[in-house]
Amino acid sequence: MKSCHRWLSRFINQSTRLVPSSCGKHKNFSTERKLNVAVIGGGRIGQVHMETLSFHTPLAKPVMIVDFIEKVAKSTAEKFGVEKYSTDFKDVLKDPNIEAVWICSPSSQHSEQIKALASAGKHIFCEKPLAITLKEAEEVISAVEKAKVKMMLAFQRRFDPNFARAKQCIQSGAVGDVYAVHLISRDPAPPPMDYIKNSGGLHNDMAIHDFDIARFMTGSECEEITAYGACRVDPKIASEGNDIDTAITLLKFKNGAFCTVDNCRQSPSGYDQRVEVFGSKGLVRFGNNFPNNVFIEDAQSVRRSDLPFNFFMDRYTEAYRNETKQFVQCVLENKEPPTSGRDGTAAMAMAIAAKKSLLEKRAVKLSEITP
Amino acid sequence: MKSCHRWLSRFINQSTRLVPSSCGKHKNFSTERKLNVAVIGGGRIGQVHMETLSFHTPLAKPVMIVDFIEKVAKSTAEKFGVEKYSTDFKDVLKDPNIEAVWICSPSSQHSEQIKALASAGKHIFCEKPLAITLKEAEEVISAVEKAKVKMMLAFQRRFDPNFARAKQCIQSGAVGDVYAVHLISRDPAPPPMDYIKNSGGLHNDMAIHDFDIARFMTGSECEEITAYGACRVDPKIASEGNDIDTAITLLKFKNGAFCTVDNCRQSPSGYDQRVEVFGSKGLVRFGNNFPNNVFIEDAQSVRRSDLPFNFFMDRYTEAYRNETKQFVQCVLENKEPPTSGRDGTAAMAMAIAAKKSLLEKRAVKLSEITP
Amino acid sequence: MKSCHRWLSRFINQSTRLVPSSCGKHKNFSTERKLNVAVIGGGRIGQVHMETLSFHTPLAKPVMIVDFIEKVAKSTAEKFGVEKYSTDFKDVLKDPNIEAVWICSPSSQHSEQIKALASAGKHIFCEKPLAITLKEAEEVISAVEKAKVKMMLAFQRRFDPNFARAKQCIQSGAVGDVYAVHLISRDPAPPPMDYIKNSGGLHNDMAIHDFDIARFMTGSECEEITAYGACRVDPKIASEGNDIDTAITLLKFKNGAFCTVDNCRQSPSGYDQRVEVFGSKGLVRFGNNFPNNVFIEDAQSVRRSDLPFNFFMDRYTEAYRNETKQFVQCVLENKEPPTSGRDGTAAMAMAIAAKKSLLEKRAVKLSEITP
Amino acid sequence: MKSCHRWLSRFINQSTRLVPSSCGKHKNFSTERKLNVAVIGGGRIGQVHMETLSFHTPLAKPVMIVDFIEKVAKSTAEKFGVEKYSTDFKDVLKDPNIEAVWICSPSSQHSEQIKALASAGKHIFCEKPLAITLKEAEEVISAVEKAKVKMMLAFQRRFDPNFARAKQCIQSGAVGDVYAVHLISRDPAPPPMDYIKNSGGLHNDMAIHDFDIARFMTGSECEEITAYGACRVDPKIASEGNDIDTAITLLKFKNGAFCTVDNCRQSPSGYDQRVEVFGSKGLVRFGNNFPNNVFIEDAQSVRRSDLPFNFFMDRYTEAYRNETKQFVQCVLENKEPPTSGRDGTAAMAMAIAAKKSLLEKRAVKLSEITP
């Protein structure tokens, strides 16, 4: 019986004093080669990756941290016990010891940094987007391909246990042919107006993650997009930010699957991330994650003791760790990274098409979107 | 609005480049004093604590690992980059640099090691039990009190997000006066016969954790126990192990609360850990944890994509980390540990009373159980 | 305390020997006037209404059953103990005793029958649709208004406990302004090809119910529709039935709400009827109904013991009863029926717009659809 | 495919104009023999059975209603259109037309009425208990057996869709050998003190239903009972009512199964009725029933829109109907009723044993309890 076997193995492990399987990832690491890495950008997401690389990835060793504010670079280096820090990413290029680099700098600097790092032979883990324009992004991909370094684009949701397991179920045939995907992706509250103004719009800033997941779940490329949207949450988002805050986007994929994406800049109950994939044999679905499984039942209501995770960094903690660990492993074992630059340009093109559909009030074919 | 506030804080954090709150635990750690620790015992649970101390507790620094098998001590030291290893726990006593010690050795060695470590002025984190007999356990507690070192007993479930949140709800008054607690605690499959023979019996080996949780949830001391049990899963557990494998234990607490504990050495769907606390104002409850939230609906059934966690080390991963982190913090900040030696003897006495009730087929008062 | 009050009332009821509240609907009914009703059409849905009128609506008395097949009319009359039966609906017109009529005849006969019944002063409960064309439907409504009889159109879902409660929640302000409605409405398996050929297409046959629910939940009128669809389940539905079997329809309402409707002619796990309504203050949602609440957990899975109701007549049993009871009450108490002919034409226009959108591959405004 | 088949059958039914299966119970009923029945007792439960017999059981025809208060008897007869009413149950005995009788009179009258009805050759559906004492109950059973009439004891929970389905699952082998049954059965709020004083105590009044369900789920007879209890909800229940309001009862069955029963006279969230049956192959469980499946998610909480049913007559509506329908069917088809007088005495003996255990503070064997 499977469950017996799983359970008994712990005793076998114990009696033979083998390292238990959950620690298997560390086996012999001190004698194995560690991957020397640098992180560019000491902001929020840079801190997340530094923490994973320092404390949760025994096979990686952070050797340099870069931030254009010296105080940030220095304090981060101290915090994580990293030997070197710098305010200039070019110091990474010059250091022959550095093998792989995590790009967590402002979006506008991504393309220049990727090209330079690729030329210097560094492997690259890059936060989205690759570049500001689709044309630049294509150049970046060419540069990386030419340099024969590995590059992974950080679509962290694919590495979340729910998203990853749903995908496995689809691949195992549980759903059959995919007929429809429904994605809900709502932020708890609108970001500051400055953020919105520089976000490139809701499709580029929020929906792009869902567009990637739509490709991931359907296993197909998008053919056509119809976008509806409105400013419902805060009129300033339209008047000052020139943006929408509520959107429904309808995608048609080459394999016949349809997908709806519901985005909103506000969700009173917290960060709302749900998926349903329906097909010829059945459906898989998952709802939100909560801090615990406790329920309260009293004279008022039967309820969860807590709201869903409110913050994407709490919701996707495990996903952020998994993506970084997987890239370290890909580099050390010389494997293809699970997400590529092409995944980045595909989602970027979908965001452009969605915005175009919204503005032109018509269905837009992806074939209309060219670099 | 609360949720807005929580959400907006991320942007404030970002713009001011402060370290985000989720990383707050690492603040300035490289300049702060780290706690130098040793781990005695390189078996399964010793590995778990080594991993937490090495990778998840920036304020701790493992400096020695002890195991009576040299190969285990050496390989563990290498794996976690620990400078020193030994086959003799007395080397810990002699090392003035070591401030706190995690005891993960066989149960029979606990009392001797605690007494020696306390005399040497080391703080002690001890896996249950403190000792084999209640009398020894009392001696151990006296020794620790006399030496004025801190000691924490590892009842990890109290540090699990579900158990901890349920307790908070009770403390906040959501349940009112506690009338009844129902605990289900079933292992996926029986351990090997050798393990059973040396386990001290189901009450001592399994139910003791639930007895601690019953004290935790009721906030009271047990007054009387009636134990029923049988050998249902595997007749060898009775014939060779002289033990039961299925037990229902009924506890009466001094504050009037009743508690039922359902233990079984076998649970076909996996490790089964559930709690309900019912009282004058309502109830709190929680069920099992699963690896993900994915559901499948097809022509066969509407079901979870996966069974509950099968292995207690998967189920309580977070709990194991939390308990070790909290003890490090207690030592560094000179606070009382959240669980004490007295918690250990209380649960031990309950296990003794339960066994006595089973054998003598009558209700046993805790006042009958003396060291 | 509310719950105390509710509970105690049963003892008060008992001690004073008052009829308990759950039976309140029958109070004095034998001495009150009963509504004399006829049912036209002894098919499946006619049987459902006959059963409700005979056994669950003490204030109604079926006095005639009409079916064009004499054997059906006669056996139904016998089954429900109805005095008269006929093969000609004009016998209903002539019977002065009949006050209200349930039209369950083929769709093509509805408009003629409604007009005749209205002229004869009979109140009318009509299965959808009012008529085959929008123009006819408008004529029907005019005829009814002129005759000053009551007419209720049978959108039974509105009377289901889930749909009705969700609507109440929205009306009570729990959702705030409605931003998005998501409806899933999938049949377990395609009907016979003959049925499809005469159904008027998926939008007219299936989606029309969802279009009504979209109006019900948003409390607004539809402005624009974009329809996507495909034949995925069975190629014969396209080749022989000239229809689609899978559809995603996107609706925009005058109050700014968006709505997505997912329809499919096949759902392996059973009849799939789910609703989510999201707004400025939160969301309400409900999933499928099951025959019971039993779950099984074994070595295979954690699952429901049963699939959702497979058959719409099982799923909507209570809804069918409620709608008929409410119409009886409206007639007896001279109140406006909760659904009207206008609800019928609105949904009909939406189905026409959706079909037009699908064929012309563009967004269609409801203003384009005229009788 | 099963689901296809189920679904398609509706179209087949439609096209051939056969009566749909859900109406199958009425087939030819007007030509078949109807069972002439009487109801003794026009209180709350008498009204429930009258409603079922009048409106939901086409094969039954209530011909007499008896209540010792003439006004009640008369108004009930009018309400349900019953020809005869009486204040003396002996009128039932004299009426040769009456074939079966529903006894809903005060408990103290049951034994006399059953014996008289049995002698008169009437079939008997009796609300619990059969009699006040076990001895009387045995006499009643003998009388019924001698008279060769059918008697069914009203343990309505067995006929609830959840309880019945759980039992089926157990019988089908899903649970394997039953190791443990856990029953929770809590009333929303204490009844009036007068009711408590005459209730025979919590075990006799509340727990007896659970004792029956324990027998039902284990499929075995109880061997030994240990009862704990206290007065926690309202001190007057002890001081004036000489009763407990909170009880935990531990049952041991002959087949080795253990059972815990949690009873409380108060449950702030409503009527609380839950079951878990655990065994060698897995477990089945079910929770409470709710008026609908609607959930609300807002800034306060993720919660059910409504509390569980508060009133046992709402919770068990379907169960009450099913039991009456099944007895009618048993009589008409000359089958053994699904519950018997023996079920009544078994549960009664368990209640007596539980009370004895509570008073004598020891485990009580069922063999100690004799009529």
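Here the chain labels run A, B, C and D in written order, and each chain numbers its own residues starting at 1.
The rule is short, and it goes like this: contacts are C-beta pairs under 8 Å (C-beta built on N, C-alpha and C of every residue); 3 or more make two chains touch, one makes a residue touch a chain.
Keep in mind that what you see is a predicted model, and the values were worked out from it rather than measured.
A.B. asks: Compute the centre of every chain as the mean of its C-alpha atoms, then state which one is farthest from the centre of chain A.
C.D. replies: Most distant chain from chain A: D.
A.B. asks: Is the number of contacting C-beta pairs greater for A-D or for B-D?
C.D. replies: B-D
A.B. asks: Could you work out how far the Cα centre of chain C sits from that of chain D, in whole Å?
C.D. replies: For chain C versus chain D, the centre distance works out to 35 Å.
A.B. asks: Quick check: how many Å separate the C-alpha centres of chain A and chain D?
C.D. replies: Roughly 56 Å, centre to centre.
A.B. asks: Which integer distance in Å separates the CA centroid of chain B from that of chain D?
C.D. replies: Measuring from centre to centre gives 44 Å for this pair.
A.B. asks: Any chance you could list the residues of chain B touching two or more other chains?
C.D. replies: 1, 3, 268-269, 281-283, 297-299, 307
A.B. asks: Can you name the residues of chain B that touch chain C in the complex?
C.D. replies: Residue list for chain B touching chain C: 268-269, 290, 297-299, 301-304, 307-308.
A.B. asks: What part of chain B is in contact with chain D in the complex they form?
C.D. replies: Answer in residue numbers: 1-3, 177, 179-180, 182, 184, 186, 226, 228, 230, 232-233, 246, 248, 250, 252, 256, 258, 260, 262, 264, 266, 268-269, 278, 280-283, 299, 361-363.
A.B. asks: If we count contacts the way the header does, which residues on chain D are in touch with chain C in the complex?
C.D. replies: 1, 3-4, 6-8, 10-11, 13-15, 17, 19-20, 22-23, 26-31, 42-44, 47-48, 51, 55-56, 58, 69, 72, 78-81, 161-162, 165-166, 169, 174, 187-189, 191-192, 195, 268-270, 281-289, 291-299, 305-307, 310-311, 313-314, 317
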